[in-house]
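One chain, subunit A, appears in both complexes that follow, with subunit B as partner in the first and subunit C in the second.
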Partner chain A sequence: ENVDLQKTAFLLRKAWTLYSVTPLYRFRRARLRDYARLLSAFIAAEKQKGLAVEVGVELDIKVAMSSLPDLRGTEQDQAAILVQLSSRSRASSRNSEDKLLWSGWFCSVYGDDFSENVPESFTCLPLFLTHGAESYTAMVGSWFQKTFDCSFRRLAISPLNLSWMVAMWAGCKLDRAASAVELIFSVPHLPQSLDISYAIHPEDAKALWDTVQKTPGEITQEEVDVFMDCLYSHFYRHFKIHLSAAKLVKVSTVVASAHCDGIIKILHSQYLSGVLMLLTELAISQIQ
Partner chain B sequence: HIATSLPLPSERDHLRPRIDLIVFMIDIKSKYSLKNVEASLAYVDASFFLGKVCFLVTGVGRLNSCSVETNAICKLGEAYCSPVIFCELELEGIRVATAQRLLRILQICAGHIPGVSALSFVSLMRNSDDD
Partner chain C sequence: MDETVAEYIRRTVLKIPRDEIKTMLQKWGFLSEAQLQTLNFHQLKDNVSQEVVQLCEENSADIKQAAVLDIIYNHIYQNKRMWSVYQMKKSGEELEYFDITDFKKKFKERLRSALKNVTITFKEYEDNAIWIRVAWGTPHKKPNQYKPSYVVYHSQTPYVFISASVLKSTLPLLCQALIVASNYHDIREMELRSHSLNSLKDIVFKRYSQNFQTYNPKPLQGGNVEPQSADLRIVQENRSEKERIHRLNREVFGDGPQPKLEFAQYRLETMFKSDPKIDVLDKKEPFRCLVKFSSPHLLESLKSLVPAGMADAPLSPLLTCIPQKARNYFKIKDKKGFFPEGFVSP
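Showing the complex of A and B:
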């Protein structure tokens, strides 16, 4: 858990779109500079083809790729790889800073079970997180696919997994004041879509989880079910609505928030490793 | 006959024909449907569990919207010695095939197929457990 807070500050409080990635073939960490140059050329070529992001704005896209050795679970995990696209507008003055347009990073946190069974020439970094325009994600993704013969898939998070997340994170002990635990449900089969937001005081949520969890550090499906059932019956008692018949689409706690479309926001560095470990697991099960 | 839960209203008992098969439908997207089925099971006479009950799990095409653990449903099937059928109603092919399966099961339960009775389902299930 000795993650350098400075280096991981870029992760926090940003909405990251999640993907699962199959292992990369013949990826050489020593060649990151070369890869950055190749990706830069690829993006320039795509723009020439007319697949430009913004019309009328001349942008030089600079690509930077770096290794993040602290962002991993065990020594068996590959260190994370960060890809950043920045621009310097040709029209601006010499003192203008590069503007960060897009970032994406590959990581694996406690993904040993998966990487163990993969041949030597493959690099396992099953979780890919992006922030920025979808068009850049598509370009970066297709370059990686062409170069390393891997494939990307959006990582969806089912209501079952979201309830695991809210149970785990609501139970986290935090030093500073916590924000409300919020669950958002979407109600199906209505002519106009309806969203129900259920906010719980963080102390109450933690107290509930503490009575449910039997062994600290371990969580079972039964415990998650009991936790959710308590929340559902409390809601039913007050509003006569069965939330268990609705679809849980988003959960938000002081630790992190997650959306079923595969979007995550990590708000606190304290449990970064735990959050990434869970996401790595989801990515691996989507690949297998 | 379709009901949202059991027990059936007693007022119509004398008008109701014999019940040959009970299909409990569980929507994998709704935890509530599982709870409803679990509660309704308590109102079923024990004799039905000799092959005249089956569980139909719908919505399996959309695992990304899964709110129910499939393990829990399989355990339910084992506990009540009844088969669990998974299907996706949104796909016409599967919908038709599932309907045909259920019809076949119903024919057997109603005694329309000579030589095969509902009890065959129970023994089929026990055999796969012994493997």
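Showing the complex of A and C:
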């Protein structure tokens, strides 16, 4: 874990919307400042065209782009790129602080298998995470698409992947008190919709996972299936409801929470790398 | 007129949807029909409420009248609040004649002896429901009119429905005043909560259609049943299974509409038992879970689970007992000595 805690504090406890991004063509890390200026001009032009985000208030949007060398898996990974949009209201005084409006960052954590097979002129940062208004995301995405010939796609998280996450994270050992391991299901196609929240005491969930997992540090699909089957059958025993037939919509643990619409919240820096690695993998499989 | 009263009336009127304002003011009866005629309801609501306040000024409204308007609003929009159910216990079997005047007097006395600054308002409705509104103050501050408690008491029953103030410390005092005023000796909170006050009443007063055995020899009709196919055997099996499910559902849920609840919560403290083929967790400690079911109409939703193939018939008694047990919060432990197909909930 070579991650500098201070530098990554910004990404904890925020809900990030996930996208997969195809490799960026002729992206030059040395030109980040230039890119920031170009993006800024692009956004200003978009607003003048009438695609304004804020109605009424005059906002100068400032763009900052930076490199995060510690946010990566191995040296083979590209370092993460952070893009931030801030505003300084023209009406306010010169001393006023910039208000952070939107953040987005590109990253690759243990994505070497993918980047190995990509030509030199391309930069691989397959995972894109955003926080802030959708309209800003659209503008930033649009500029990157035009400039680097890449494409973005929302990264949905399937119930299969959600169950991987909950199994993995339920087994995490933490120094501090853990919150419940929660699975949220929705039962579609009923005349009256039904949501089911199944929250397990973190110690008990971890105890269950520990008896299921055979090799520490390694997780197999079979182990995840057994873990989930155990949870489903304990539930069935009480309620006679086939939870496996319901749609797993969200999972939440002390480490992180993930929603099937492709929204993630990382709560603890201790397992940051593991979470990002899993997400990078999902992004890569969506691209391929 | 006190400007805090004026402001309170103004804000209460603002809450009312435009089309309802006139009716509600008429129900209130504080402004005359002539005064109501002078109001222009087709302007901005801000202006309507200002005009209402002016009329109230003419009539010198005080907080007591304003509180009545608030009860009327909350009676009509009762489903905006969360209601809990309390049950009172009598020491003896004495049938006492309920005297409303006596009740009100004792209730006010009990509260005022403990707390000088309270606003207490009563309103009786046709269905024998007594609505009580209490706004709470402190020895040094006037009552906060914006965080009152509401109580609905049907005097022929031991049940009280409370939408408590967010000022939680006031609840014990409220409960005490209720038992003193109604001549009961104890009150306990039931594990039953919902936004739908009427559904709560349906459940505790047993006004919903309860499950009873019905002999239903007619085959199932309607769109559920597959059309006849060449292979008669398949259709027959399917039909009889669907009929069986339909019949079991009727036995369990009854025929009529279900009371409207939004959620049920189960705290499970039962042992984890897995398929013996899988070598997993076999602790001596319970597997602690908290399960919460939510739906715009929970019981209807549960009723549809078996026909939808999501659950096996008959549906678990943990779910079907909700109206009979009059609770939607449960704590489930293993029954001692039994193989854990049986559960107890204390």
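Here is the rule we go by: the second predicted complex is superposed on the first by the 288 of 288 C-alpha atoms of A that agree within 3 Å, B and C clash if a C-alpha of one lies under 4 Å from a C-alpha of the other, contacts with A are read in each partner's own complex, and residues count from 1 in each chain.
We adopt the following convention: a contact is a pair of C-beta atoms (placed from the backbone, for glycine too) under 8 Å apart; a residue touches a chain by one contact, two chains touch by 3 or more.
Keep in mind that this is a model prediction, so the values were computed, not measured.
Taking subunit A as the reference chain, the count of touched residues is higher for C when subunit B and subunit C are set side by side. After overlaying the two complexes on the shared chain, residue contacts for A:A9 are found with neither subunit B nor subunit C. Touch criterion met: A:I241 reaches subunit C, while subunit B stays clear of it.
In the superposed model, A:V118 lies in contact with neither subunit B nor subunit C.
Shared-chain residue A:A138: touches no atom of subunit B or subunit C. Touch criterion met: A:A156 reaches subunit B, while subunit C stays clear of it. Contacts of A:C260 after superposition on the shared chain: subunit B is touched, whereas subunit C is not.
Once the two complexes are overlaid on the shared chain, A:Q221 sits against subunit B while remaining clear of subunit C. Residue contacts after overlaying the shared chain place A:A44 against neither subunit B nor subunit C.
Applying the stated touch rule to the two superposed structures, the overlap between the subunit B and subunit C interfaces on subunit A comprises residues 242, 245.
Residues 156-160, 163, 188, 221, 228, 232, 242, 244-245, 247-248, 260 of subunit A are the ones that touch subunit B when the two sit in their complex. Listed in rising order, the residues of subunit B touching subunit A in the complex are 29-33, 35, 63-69, 71-72.
Listed in rising order, the residues of subunit A touching subunit C in the complex are 180, 187, 189-201, 204, 207-208, 211-212, 226, 229-230, 233-235, 237-242, 245-246.
Here subunit C touches subunit A in the complex through residues 266, 268, 270, 272-275, 278-281, 283, 285, 287-298, 300-302, 304-305, 308-312, 314-316, 318-319, 332, 340, 343, going by the rule given at the top.
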